[in-house]
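Next come the structures, one after another.
Heads up, the next two complexes both have subunit A, just with different partners, subunit B and then subunit C.
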Partner chain A sequence: MAAVICEVVYRGIFQKNLAARIVRGIVLSARKSGRWGIAFGRYGDSPQRNGIPAKDFAIVADTKEELEQNMARYEPKHVDVTIVVDDTLAKGVESWAWYGLQPINRLTVPNGTVLMTSVQRVDDLLRDIHKKDAPYKLSLIRAKASFSGLWVYKEDHTEVRILGALAKIAPSFLTLDGVCEAIREMEWGSDLKIESAKKAYARLETREVKITEGNAEVPYSFEMPKWWEMREGVTIPAIPVGKPKEDGKGYVPERNPYFKKYTTRSMRPVINFDTCVKCTLCWIQCPDSCFDVMPDGTYDANMEACCGCGVCEAVCPVEQCITMVNESVFEDNASQWEMWRKDKGAYQTWMTQKIGDKKATVRSHGFRFRGQYEEELKSDLDSGGVEITAGIPGENAQHKTA
Partner chain B sequence: MAVATKATPAATDDKELLISGSEAVAEALVLADLDVVTAYPIRPYDTVMQAIAKKIANGELVAEYIVAEGEHSQFEIVKHASTVGARVFCGSSGVGWMYAMECLVVTPPLRVPMVALVGNRALDDPGAFGVEHNDALVVRDVGWLLCWIDTSQEALDTTLIAYRVAEDRRVFLPLAISADGAFLTHSQALTMVPPKEKVDRFLPRYDRGDLLLHPDNPITVAPQANEDWVIEIRRQNNEAMKRAYTVIEEAYADFRRVFGRGPENPWFEEYMTDDAEIILVGMGTISLPIKVAIREMRAKGKKVGLVRLRWFRPFPTDRLVAALSKARALGIIDRDYSFGSPFGSGVVANEIRAALYNAERRPPLLSFICGLGGREVTLEDVYKATDMCYGAAKSGKSDATTHWLGVRE
Partner chain C sequence: MAETTTFTNATQILEPFRGVKKVTLEEYFTSGHRTCQGCESALVMKLMVKASGPRTIVLGSTGCMYVANTTYYTTPWVVPWMHTQLGSSGSAALGTAAGLKALMRKGKMKSEPINVIAFCGDGGGADMGLGAISATLTHKEYNSLILLYDNESYANTDIQLSGMTPYGAHTTFSPPGRAKRIIHTRWKKNMAGMMAAGHPECRYVATVCASYAVEMMNKVRRALTIGGPTFIHSLDPCPKGWDYDPMLSHELGELAIETGLFPLYEVEDGVVKYYGKTRAIVEGRARKPVREYLLKQGRFAHFTEEDLEYFQKKVDETWEKWEIPAVIPFRRLDATRAALDTK
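Let's look at the complex of A and B:
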């Protein structure tokens, strides 16, 4: 390897600072081995918004000339390491900047690595990660999705743990000593963080993924129109008016066939149709008009259009009628209402199981209530299941034990 | 004030009025049955907004007359009105046009066929009222159709042609008519005004088709786009500009058929160029002193001619090269500047140099800057330029500099 190319796939805005720190850390760590590097991200509109998948990149190379091959680009054509800091992204990415659904391992080179923070089992992740026509490695850092990048950086050590893991994955470019030295010199570095990086190095779990393994779904895609096929005047036709759900009842709007929001979600609403009072609030307030009106007057969240913002749960006046649940516990995007209509008892069981799993429902976008993130970190530590160290550089750092 | 006269009876059913270039534009707007006009005063453009206001007040024209709180809004309002299908007009001068710049650059990609009058005025500072062409020229690269006129008659005729060209579905681009401040905007001349029936035969209704913003045609206009879309949109713009060549030719041919007047060559006026050894080139009212000087010089045996450019965008490259390359030397007289440009020349000189680059025969070319800030271009200026051109013809060489004429030194 004369160069190592890394992408960091993250959830827009919540993890923006986190991703930026990781790619900077990669370059500065590799510098300790005399390598040259660049760190960049693709900016835009939607990718910076709540939960939208976005990417940052780091490239380190032996020479400046090798580096130039990858400069002045929005994103590399292939990467040696795909770093995923939210395991709900295992289902793939699509956003304003990419067209169709991109499997999370799409850019990963054969025998490259997908490095992910997750508390899920490998088999569960491989139900989401698409099959690839070449073998690759899946490396896991045992941690839940960090929200440390939201506006003000919250120190949960995710960035240094990624760097420690990379020292294991690409040791000729990022030595553990180089990583530790770089962390020490960084504005946000501390001895505690160096210890976290070393722990991640030691505890990294890696497993080969065969070409037979993974989600067999064929990702949807579409062709970009030629210039003469595009309507002139920077105009695009509106989505046509929708139709009744069935027998002249209900209403299902037409939706953008090119932009589905499956992977923009980190959570999705689970609806108790039996307690719905048909107040219309979720339908009116949804910023993405994701609710279809059912013939009985209840509202079904259409997973093609839901971006998982949680506004419906917030405005619903009925307790536990709408509950946001972690996206990773769902296997498909099927209609909940149809499931409920078919077998109300089975739906009740399914729904109770989904909303009853505390691990799947505590995840949030970070602003359901102030201090929730800290509570989550604390409960994780208390339960002993997930190791997260917290420390603040500067005067407090040395008082913490590693 | 428009005055009817019987001194020279019109050969046709046109009526003859003594009007300024600005008033001639207003006459054309009535004939074109304008729908929406926005106004914000700045000299010398304000003469046209006053003339239109009078037309509306007198009941000659039924149109929305909206006084904006600045040029930015002025151009935004007509942009939106045009997208809902209104035939629109607005205009400005000098730094007023600059203040509208954000709205000026968005109209070509949005394919808004607004017609604007730029009463050419020197850019501040110093605050001045006289003509310079730099104001209108700032839109030369962004997709505006751009032409210069030199008489009231041409002001009226070109305004009618402007709607025909801009609103053609093949084009749908904004069009600025440039009129020299004072010399044309404030100078009244006898002008033939055609009857409405003729104009109706020439100018079809504005049909925005599938780009019409209307509840029956729901569309999004001007969404944000990333790098995957922008160059395609620019390419569309470029094609529209290329198609404008044909549409302009068609419009002038049809204008001659319906009105019985107008030039064979839409792109530029050629004055005594058939046997010319020296051809001078300029835009706008600079043609008038040059023509006088040419007649004087020809009386003394100097074979000098003039090419007055009407259309600057699209630039009539092929025809212009054919007309100019036969001369022994060229003198390009810019009423604009482009500081730090190649040879320090004005915009027109540099465009013509570029156009001639592939020509088989490239005559020596001298570049002149003259008449800035409304300074009168004198016969002496033209004589001086011509003499220098003869020198270049003799040596066969262009000089790598730009000559400023009529500057105190």
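Let's look at the complex of A and C:
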């Protein structure tokens, strides 16, 4: 191995600056370690959208010639290290420039590493990560996903902890000293950040993943239109109008068959159909038209279309009728309404468990008010800071009826 | 679906939805677009065609609602939609309306009123396409609606500032620095006011916000029913460019209205009518301080107290000094007022 290729898989916009810092940090650390490096984004991901998975790449090589050889590619076809900065991406990615779902470890070479920030247990993560036909390593940095936005950055040290971990994973390319020196020179560097990188280096948890382990599900895909099926000019068939749910009641729209939002989502709404007052607000205010109208007048969030923005929870007038819950605690994309219709008692138990888990309902998806990130980071950085509670299910709750 | 009597200006008669429960269930802009989490502009598209119904042609100039909605041979549109160039939403609207009319006159198409809606972003509409929109609004014999979805930047290409970007906002072109805090020092254009004041034969101009979905749809229905060239300006909170948690999209829309920053009104045949929360403000309800709106967005996170005060003062002016508050920035000379008053 004379070059190490890294990809950073991240949530578009939310983690754009984070990913940029990581790949630039890799390149500078490589220089400080006497190697050559380059960083670039994936063309097809631009223009990015909040939440839609995107990728940046960084390549480090022993010599300039080897670096140039790797630069001659449009984008790497395989990578030594897959860096994942949000563990809900473990379910796979459907990026802008891709049809269907790619397993998160798809580009990872045999015996390569998937490096992930997560507070989940390894067994739980392996329920999400697809099986691979070659063994690889799963390395974990214990931290919550770091989400912020384009302009205000959340200084939770995630970028330097990734760099410290990389020095452990690929020591012949990035030395810990090189990483520390690079961090010192960055405009966002500090002595405290160097300490964080060293801690991440020392504490990295790594585990071999066997070919028998992982999610056995076949990733979602579909038949793409063939070039000879395309129409003259650049015309695209329109989507047919939808139909009633059943017996002429309710309404289910037809949807774009070629782009699903399964992996755009980092949270999803859990609905209490028993307390729903049928006010229509979630349905009418949903930018993704994800709510199907049920025959009884309630609304079911269709998981193929929900991107997890949380507007439905914000507009719902009834407290805890709609609650956004972290995507990682769900096993499938089945209809909640059907589950509720089949067995109301069982649904109540399931729902109470999902919305009762504080760790899964706390939300930090970008800027809510000035000073918020500082508040979130008050306690120790190793656990990703304190949990923010403002508005979750929160500041909007004051308008709600119990 | 009734029609007005004259063939030349026949429009669909779209009665207003009387309450949210009466809104049509059908979606004509459906799921599977690649917009951001919490995209209000996607919501505007959905509500716009929900309001106009199935006999509608939509034209879209370049911007988020083109790029994110029709990517890689896929679409969420149910009604016919066509892309047009960045500055040409006005031309496309007029040309399509004229084309339909010609085809119907020649008997090549069944004669029926078809809604023509062209949408544009603030970059495509208020900056580049302003001339073409203005020209279209003078062609009174063609029925078309131009809907400006205003997310206050060139959001598709990662947030460059436009003529509609508010004072002081952080964009790719106006990053606040240590030496200079406020880079963008221009005040936003007043698009709806400009369109209403400058086009005497345009019979309908309105401002809308998708946080008030039913009212928004009813303004679209009113515009299409009145016919001729019409114009609607929609303010769309943008989680990507304004930098906030997507969950707040709806709330920020409400705050823009409640702070008096963005007034809701319609101008029908030259008569200004405020509606919704804006009407309450006109009738005396206190405006919320703009800081409640500004400090929820990362793009204003660098504002000092001084900046917040300046912003508030500018908004106050639109309400206290303008002859038609928050609509038209004209002020009468005191002498003129005196002369008129004594007449």
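Please note the rule applied: the second predicted complex is superposed on the first by the 346 of 402 C-alpha atoms of A that agree within 3 Å, B and C clash if a C-alpha of one lies under 4 Å from a C-alpha of the other, contacts with A are read in each partner's own complex, and residues count from 1 in each chain.
Keep in mind that, in the parts below, contacts are C-beta pairs under 8 Å (C-beta built on N, C-alpha and C of every residue); 3 or more make two chains touch, one makes a residue touch a chain.
It should be emphasised that the depicted structure is a prediction, and the values quoted were computed from it without experimental measurement.
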First (subunit B), second (subunit C), both or neither touched by A:Lys358: neither
Contacts of A:Ile236 with subunit B and subunit C, given as first, second, both or neither: both
Partner chain in contact with A:Lys77 - subunit B first, subunit C second, else both or neither: neither
Dominant toucher of subunit A (residue count), subunit B or subunit C: C
Touched partner set for A:Tyr99, first subunit B, second subunit C, both or neither: both
Touched partner set for A:Ala314, first subunit B, second subunit C, both or neither: second
Touched partner set for A:Tyr251, first subunit B, second subunit C, both or neither: second
Residues of subunit A contacting subunit B in one complex and subunit C in the other: 96-97, 99, 225, 230, 236, 238
List of subunit A residues in touch with subunit C within their complex: 12-13, 46-52, 96-97, 99, 148-152, 225, 230, 236, 238-242, 251, 253-261, 264-265, 279-281, 284-290, 293, 302, 304-305, 307-311, 313-315, 324, 363, 365-370, 391, 396
Residues on subunit B engaged by subunit A in the complex (per definition of touch): 109-112, 172, 210-211, 218-229, 231-233, 235-236, 240
Complex contact set, residues of subunit C against subunit A: 20-21, 23, 25-40, 42-43, 46-47, 54, 67-68, 70-81, 156-159, 170, 210-211, 213-214, 239-241, 243-251, 295-299, 301
In the complex, subunit A residues that touch subunit B: 44-45, 74, 96-97, 99, 224-228, 230-238
